[in-house]
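Paired with subunit B in one complex and with subunit C in the other, subunit A is shared by the two complexes that follow.
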Partner chain A sequence: MLEVKDLMVFFENALALNGLSLTVNKGEIVGIIGSNSAGKTTLMNTLSGLIIDMRIKEELRGGERISVYGKVLYKNKDITLTKPDERVKMGIVLSRERHPIFPESSVVENMKIAGYLRTKKEIQETMQYVFELFPGLTKYKKKRAGFLSGGEQQMLAIGMALIVRPEVLLLDEPLLGLSPMMQKSVVDAIRDLNKSIGITVILSEQFARPVLPMIDKGYVVENGMLTLSGTGQELMDNPEIKAAYFGV
Partner chain B sequence: MLIGTIIYALINSVILCLIAMGFNLTFGISGVANFAYGAFYILSAYTTWIMINSFHLPYFLSVIFSIIFTMALGALMYQVVLKRVRGQAISEVIATFAIGLSILELFRYFGFVGFEYNLPPFIDASVVIMGTYVDVQRIIIVIAGIILVLALWFFTHNTSLGLAFRGIAQDERTALTFGIDSDKIATLAVSIGAGFAAIAASVIIPLGTISPSDGYDILIKALAVCIIGGLGSTGGVIFASFLIGFAERFTDTFIGSHWTMIVSLAAILIVLIVKPSGLFGKQKELEERI
Partner chain C sequence: MKKRKERIDRGIKARSGDIFALSSYREMMYLSAPRFVPIIGFLILPLLLGVYWQKVLLSVAVFALLAISWDILAQTGMVSLGQALFFGVGAYITGALNHYWGVPPFISIPLATIFGGIICTLMLLPVLRLRGIYFSMVTLIIPLMLVRVIEATKIFGGTEGLTGMTPLPSRWVEVYLVIGIMLVCLFGFRRMMDSDYGLVLRGICDNDRSVINAGINIYWYKTQALFIASSIGAFAGALMTHVYMFVGMPVFALDYSIFPIAAVVVGGPGTLAGATLGACLLVPLSEALRGFGGLRIVFYGIFLVVFTVAIPEGIFPYVQRKYNEFERWVEVDK
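On to the complex of A and B.
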């Protein structure tokens, strides 16, 4: 469904992603595992097209030169240069890292804003589903999102991405800064939405332990390069992964 | 005298609010400080005048035409000029100010100055409210102000475009991930802001004459209200216009009319020293939590 071929991304002369290739099939949960500055966010921004927007803005400003080489294919169509809002219309939706929400609007309003491309009826239906998926949000419907805790904001952020009705959902570090309890409920929710509505999920994480058991396929990224790939189980059994991420 | 002062202070406040709202809307959503705002205000009044006097259109149609024309000009300004300097505050200010300056000074150059350049009041009559004479035009201004604030509130809370406006205003990049095109929204924001200037001009100008130098005055007033209220905050704008509106009228009545001019400027200074983000500026407590 989504295919990345020899992707290279430069910020000025710094190489953020180097010759990265990966394939994502429909209905899979794919994990991108890597430490800080491995290139996870750059990869997510490239898949969602945000990098194209960043490049245009930096170009206008005369700032950092961002170059993208290689190909991103979605449903066998080359979308390497497609703008982010076009990609959203195609069904690729990103939930950015650090639970991006609109802090001054209420929880319900946040989801309405996210539903820019959807009709009122569709928003209502999905909102119902989001509140079933995250029952914890139900009591904060009218509360301003900025006052929610980090975990609740992350749930809301995922919920907002779901409102767009994505075919491919990109989650950038959904577990960042969450307590183990919250991590578990977010992981459960991701698994649930993958099973029940069949959304393809690509998530990047540095916490391998909670993520590995649920993914169909994982890619380990270090310094912008792919070092390992395999099914979740294969990665869990890999001694290097154990040493680097489980501290065994 | 006190009641009369209060009534006129109220009207003055609504006038300030009308003037500042468009500027605030544009800044709040797109981050563009539209320094051509005063020029749009004057331009729309001249457009109405030209439509009435040169093309002999009915008054009402001329007003509608000038509002649409000003909005189109705002959108054009974004697409042609602002798009290229987007995100660089100083360049945006210089570009918009230059455009405003050219519009205003062109009118002056072509001799659009004098008492014959005025718009007739919508209804030429006056009523007595609690012993004070108030002309109907001023009441129309108050009604227009209330309608505009309510319409804006409804728009930003109940339509998907209005909600997208608020999304972009809070976090542009996140809004982008939901398919909200920031250039399109910013074009609309500048255009609707210009439209607000045109609406304000249409109801306020009939109180006096049209003159290019008023353009600068309008810009300073809009800036004063927005800075005091906190840029980008609608509630702040309404509060600040009442604050300045009352302060001006009361200074005029009880201290002396020549002191009125410094009220808004002094208020800017005080607010900038005491609370630089404005009285209702963005709340600090809502800053990112991790």
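On to the complex of A and C.
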């Protein structure tokens, strides 16, 4: 479904991603595991096309020059140069790191903005589904999103990505800053999404313990390079992974 | 094999960036030339120019001062639309002192600089807590309001203005005084913005809550920045009053608010040198275009648009980058 070939991303002279290749099949949950500055967010931005926008903005400001080499294939079509909004129409939707939402709008309004591409009926249906998925959000429907707690904002951010009805959902650190309880409910929700609607999910995470049990395939990224890959079980049994990402 | 353009600091820059252990005239030149070119240029130019262009140079320096004052405020996170307020208050203070009490210019100008700064700071003190567009709105409105106050109450000569100021001793004193002060402001405040004090000011612009978290009273620092910026503007106004030997309502004109912003945008924000460079380009350009009559503003506008679209980062940062770094093609390897 989604294929990345020899991806290299430079931020000026610094190499953020180095010869990264990975394949994602339909209906899989794929985890990208890596520590700080491993290149997880850069990979997510490249997959969603946001890096094209960043490149143009930096160029105008005379800042860092961002160069991307390699290929991103989606359904066997080269989308390396496709703009982020086009990619959303094709079905690739990213929920960015640190749950960016519209703080001045209410929860329902947030979802309506995010679902601009869909019809009213579709939005209603998906919203219903999102509130079933995250029951915690239901009582805040009319509340301004900026006043929600971090975990609720994260749920809302995922909900906003779902409203677009993606085929591939990119989640950049969905568990960042959440309590173990919240982490569990988000993980359960992701698994539920994958099982019930069959969305392909790619998620990046630093702390591997809650993520590894649910993923079909995992890639471990270090300094922009792929160091290990395997199924969730394989990675869980790997002593190096245990030492580095399990905190034991 | 794919190729990629690489940006590297020049050798001299890399060697001279941290330690000033210079080994050759070339390296000394490399460091000092960008500083000496504007200094020597500004000091020699009045000798070469005729009376008319000397006046243009004078207004270049005055607008450069206003642009520096705007840039200092902008770097502290206060986007002002009212440089005319500082200019006008300075102008009226020195005008009143000179007209009513006969204070000589060399005393009234420094007085106007300091008291102009204090008065403007006090006027803007209540809105210091406002951010972004709200602060801009208030700074835009106050000078427009003051004009009407003067018109309605007929204080300070009302619509006629005050005339018969004591001129400065000669046109050489005028031009070298303003150029000297401008150069001192440019290099002095550039150094200030690079010091720890400037770091706090720039931090307020970046993320004011983090600065509060560092245990710093941002309003006190903002007040200081406001005082510095308004003093610079007040000096420019006071000096121009004695050059024109007149002070009236035009000192609160919108030109003095908008022009410095255009200069900073063209020259490059956040460097102060960019502000000066912008004024050096825009003021003579606006004079040179006088031949076009009514179309002058059109050409001027086209120039502004072309520049902001072509080099949005500003001329100075662009030139600075080209001076300090070079680019070369390298192979992308794994």
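Criterion: the second predicted complex is superposed on the first by the 246 of 248 C-alpha atoms of A that agree within 3 Å, B and C clash if a C-alpha of one lies under 4 Å from a C-alpha of the other, contacts with A are read in each partner's own complex, and residues count from 1 in each chain.
Simple rule for what comes next: a residue touches a chain if its C-beta (ideal position, glycine included) is under 8 Å from a C-beta of that chain, and two chains touch if they have at least 3 such contacts.
Just so you know, these numbers come straight off a predicted model, no measurement behind them.
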{"item": "Subunit C versus subunit B on the shared subunit A, clash or fit after superposition", "value": "clash"}
{"item": "Touched partner set for A:Gly224, first subunit B, second subunit C, both or neither", "value": "neither"}
{"item": "Comparison of subunit B and subunit C by subunit A residues contacted", "value": "B"}
{"item": "Partner chain in contact with A:Gly150 - subunit B first, subunit C second, else both or neither", "value": "first"}
{"item": "Partner chain(s) touched by A:Leu94 [first = subunit B, second = subunit C, both, neither]", "value": "first"}
{"item": "Contacts of A:Ser67 with subunit B and subunit C, given as first, second, both or neither", "value": "second"}
{"item": "Partner chain(s) touched by A:Leu117 [first = subunit B, second = subunit C, both, neither]", "value": "first"}
{"item": "Which of subunit B and subunit C A:Glu12 touches, first, second, both or neither", "value": "second"}
{"item": "Subunit B and subunit C footprints on subunit A, overlapping residues", "value": "60-61"}
{"item": "Parts of subunit C lying in touch with subunit A, wherever the complex brings them together", "value": "2, 4-8, 311-313, 317-318, 321, 332, 334"}
{"item": "Residues of subunit B touching subunit A in the complex", "value": "84-88, 157, 160, 163-164, 166-167, 170-171, 173-181, 283, 285-286, 288-290"}
{"item": "Subunit B-facing residues of subunit A, complex", "value": "48, 50, 53, 57, 60-61, 84-85, 88-89, 93-96, 98, 100-105, 109, 112-117, 120, 144, 146-147, 149-150, 153, 160-161, 163-164, 176-177"}
{"item": "Subunit C-facing residues of subunit A, complex", "value": "8, 10, 12-13, 18-19, 60-62, 65, 67, 69"}
